[in-house]
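Right after this note come the structures.
Consider the two complexes below, in which subunit A is the common component and subunit B and subunit C are the respective partners.
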Partner chain A sequence: MKTLTNILWWLWLPVVLVILWWFASAQSTNLFVPPLQKIVESTIRDFGNGLLLTAMATSLVNLVLGLLIAILFGVIFGLIIGETRRLRLILDPFIHFFRSVPQSALVPLIIGAFGIGAEPKIYAVAFACVWPIMLNTIDGTRSVEVGVRQVSRVFGIPKMLYFRRVVLPGAMPQIVAGVRVALPIGIVVMVVSELFASNMGLGFYILNSSSTFRIPETWGGAMLVGVIGYFLVMVFSLFEKRLLSWYFKSAAR
Partner chain B sequence: MTIPQSIHTGTLTTTGNVLLKVDNIALGYGEGAAEKRIVDALSFDVGLGEFISIVGPSGVGKTTLLRGLSGLLKPKVGQVVVGGHVVSGPHPDIAVVFQDYSRSLMPWMSTRENVAFPLQGRGAGKAERNKEAEAALEAVGLGGQGDKYPWEMSGGMQQRVAIARALAYNAKVLLMDEPFASVDAQTRFDLEDLVIDLREKLGVTIILVTHDVDEAIYLADKVIVIAEKPATVVDVIETGFGTHRDQVATKADPRFQDARARILTRLRHND
Partner chain C sequence: MTLEMQAPTPTAVKAGRVGSKVNWGLTLQRVLALIIILALWQVAVVVGLLPSITPGVIEVFGAIGAALTMPTFWAALGQTLTAATTGWLISCVVGVTLGLLIGTIRPLDRSTSVVVEFGRAFPTIALMPVVMLMLGATMTMEVTMVVLASVWPVLVQAILGSRRLDPAIVDTVQIFRIPRALWFRRVLLPSAMPFIATGIRISASISILAAVGVEVLTQVPGLGRLITLAQEAQRWDMAFAYLFFAGLFGWGIATLLAWGEKSLLAWNRQSDD
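Our next item is the complex of A and B:
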């Protein structure tokens, strides 16, 4: 009963908004604001013929691979930089610089430099996502209690074990928060990367439909990206709760 | 748990019966002219199996001294020698129980993992680690609670876990930094008696740093009073209570009262 109430609470606003949109747009003759009905029809059709599924698969593979590379580099370098004061002082401005550079604007350059195909798109996602993850990892590393550091020193814990069992788990809440920030950035860059020199993926679907004036498809593609983003964040939160159960439970006390 | 062989066989030929020797050390922060000296010309010996309290007023430099004894802070002058070896950094013969259990236990590890972690650092296998950890938990009265997380336990239990971790490390010397300062009075008595009990059963050599004069006398064979700036030893008192103590009887003992009066006078005199 409680879950049902929760679901209703969670669902009523989206449902109301979709209904409003449906009726408000029903009579629209504006080419760029098609009726919702047409958007839904075109989306269902392109799901049916496999067009959107292939596009989604292509995009998601790029996103996930890019994100994994970003996590790998962001966490490893973040831990090292966070634990090394001198390195932190030297590199801090660079990291903030790269973080502030508009990643979407760099995509054409990355693709220009690395050529067409999936790889440059994966690099573009990785490059955009690595900064928030790295910054958060550095912060997380700094927040590890002095007490557990002292314990590790007094008991002569070797460096690698110390990183793996003390610093990494201690920084994990912030690392995970960094990945959560990186996720939507990655989605945007994923789409943008497919607007250049591409014939696959959701970005291409959106660009191609809009340049041939199939506007309902453009809307459908963009909405689908939003839905994907939402679901990825949801799935990520579940993963987060499992990974950080000690953190949530100990904080609740 | 096995006690290191050297304790029983007395291989410490160079130092005789002295397990730990603090030889005229000076401790401070900073270098050269900018150095702030906290501890100076401080010496004492700790015999095998002895229980030493170091007592001094708040802010005298007890924590700095403990950092020096544990190898976390290198002496500017002099040396700390344990079992014939000069301590030049964290040393396998020295285990530490820190004051703040909530900061010294790792919340992402179960109690057993926390206790076993220093053993993992030594390269012990998982089965061995867990066995030692379980034995140490048993010794502090937490047998069978290894699967719990520290944050599922009370403060007193968490400090027992920290003590178990130090025991499992199998060091010759146990350093305790105000280990009972963050628990309530009753828990404090329980933990004090636990430490007395452990000492009696396992024969560990213990150095306890505290600002609590009563606690210092109640627990120790020898109370070292530190005061002045920079801190140095101003008095050494043998309590002579033997290994067995009682919260009521021991504290009512005239020797306890005498020691207490002597230390308090000493500390007031030095203000």
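Our next item is the complex of A and C:
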């Protein structure tokens, strides 16, 4: 009963907003603000004929591959830099600089250099996402306790084993938090790179429909990207809670 | 379905600087590291490891110098700064006002949580084609996009900050019948301030990101537009120079705000840590 009341509390406003939108836009004569009904119809139609599904698959594959590359490089370099005091102090301003570059500014350069295929988009996502992950990994290595560090040294634990079994798990909560920060950035860069120049993907669907004046499709595509972004962030939060349940349960934090 | 806590991180403050004393040995090492990175870049260009269009270090330095004397560059920087700042200020006012309201009125908080969460996770840039249809490639469109993107961190942080009121304080306020205005000014604002400050800082970075993103994708003038134009004209040295300035700009603002947040909230950190 309690959960039902909660759900009602959560859902009434979104539902009311959608209904308002539906009826307020129903009589719309503004070419650029189509009735919600038309948007929904065009979206369902393009889901049915597979157009949107292929576009979604293309975009998501680019996003995931870019993110994976970013995680790989971010974590490896983050662990190395974090564990080497000197390196950490020297490189700190450079990493912060790269992290502050507005990532969308990179898109013209990367696409101009590598063309409009899938690869440059993956690079763009990877380059944008690698910095928050690296910074968080560096921070994470700092959270390994001095005592644990000393014990590993005293017992002469091999470097590889030490990295894999001591530093990596110790830094894991921070690393995952870094990926959580990187995910929305990656989604934005994915969309920007596809809106900039592409021949497939969700961004292309939006761009193509707006340049051929199929306005309901433009709205539908834009809303769909938003909904996907929302779900990805939600799913990742759930994943994080599961993966790190040991950490949230422990008093260590 | 709860809002993820984004507590004011000490990391952000560390981005400023370590101590007030300048460590010359470290500075020297950093300069050396910079030279090594640039040398590696130059070697990669000469050997052909990077795409053939990548300009060498000297060309980029030349372009950076050239940009500094170009009125178009300064005009573009001004336009980006104006759009980002305008949007950011609107976001701060709207976000703080709504956030404090939502955070202190329980039914409102429960009702809006899904909408707020959705808005925050929504990749706003996807809406750009739609906003562009309605407003055209104008400054108004750019500012609208900046607001749509940057209002969420302030809103979420203001909600979290005002939710966090200590129950003992709430009771005290009730028992002593503290007037609403006084309560707002002396109880709610100070206690929510650390969270709001973090939100304001995050949203500043997002404002720049959104402004440059809009400029890259549309005909709206600004730094992002210059990058696209340079790329289209195959002036890669200029494109890299503009990118460098975009980075410097973003970094400068992030550092400035981290420093501001730190000095503004010095009282809070001392009691917190």
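As a convention for this text, the second predicted complex is superposed on the first by the 238 of 253 C-alpha atoms of A that agree within 3 Å, B and C clash if a C-alpha of one lies under 4 Å from a C-alpha of the other, contacts with A are read in each partner's own complex, and residues count from 1 in each chain.
FYI, contacts are C-beta pairs under 8 Å (C-beta built on N, C-alpha and C of every residue); 3 or more make two chains touch, one makes a residue touch a chain.
This is a predicted model, so every value here is computed, not measured.
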item: Three-chain arrangement built on subunit A, subunit B and subunit C clash or fit; value: fit
item: Touched partner set for A:M234, first subunit B, second subunit C, both or neither; value: second
item: Subunit B versus subunit C as contact partner of A:V146, first or second or both or neither; value: first
item: Contacts of A:P102 with subunit B and subunit C, given as first, second, both or neither; value: second
item: Touching partner for A:L17 - first (subunit B), second (subunit C), both, neither; value: second
item: Touched partner set for A:I133, first subunit B, second subunit C, both or neither; value: neither
item: Subunit B or subunit C, by number of subunit A residues touched; value: C
item: Subunit B versus subunit C as contact partner of A:L195, first or second or both or neither; value: second
item: First (subunit B), second (subunit C), both or neither touched by A:G170; value: first
item: Angle at subunit A between subunit B and subunit C, C-alpha centres, nearest 10 degrees; value: 90
item: Least Cα gap, in Å, left between subunit B and subunit C after the two complexes are fitted on chain A; value: 17
item: Residues of subunit A at both interfaces, subunit B in one complex, subunit C in the other; value: none
item: Sites on subunit B touched by subunit A in the complex; value: 70-72, 90-92, 94-96, 98, 100, 103-109, 117-118, 120-122, 149, 151, 165, 169
item: Touching residues (chain side subunit C, partner subunit A) in the complex; value: 1, 4, 11, 15, 26, 29-30, 33-34, 37, 51, 53-54, 107, 110-115, 117-118, 121-130, 132-134, 205, 208-209, 212-213, 216-217, 223-224, 227-228, 231-232, 236, 239-240, 242-243, 246-251, 253-255
item: In the complex, subunit A residues that touch subunit B; value: 145-148, 150-158, 161, 165-166, 169-170, 172, 246-247, 249-250, 253
item: Subunit A residues touching subunit C - in the complex, by the definition given at the top; value: 6, 9-14, 17, 32-33, 86, 89-91, 93-94, 96-98, 100-109, 112-114, 135, 139, 180, 184, 187-188, 191-192, 195-196, 202, 206-207, 210, 215, 218-219, 221-222, 225-226, 229-230, 232-234, 237
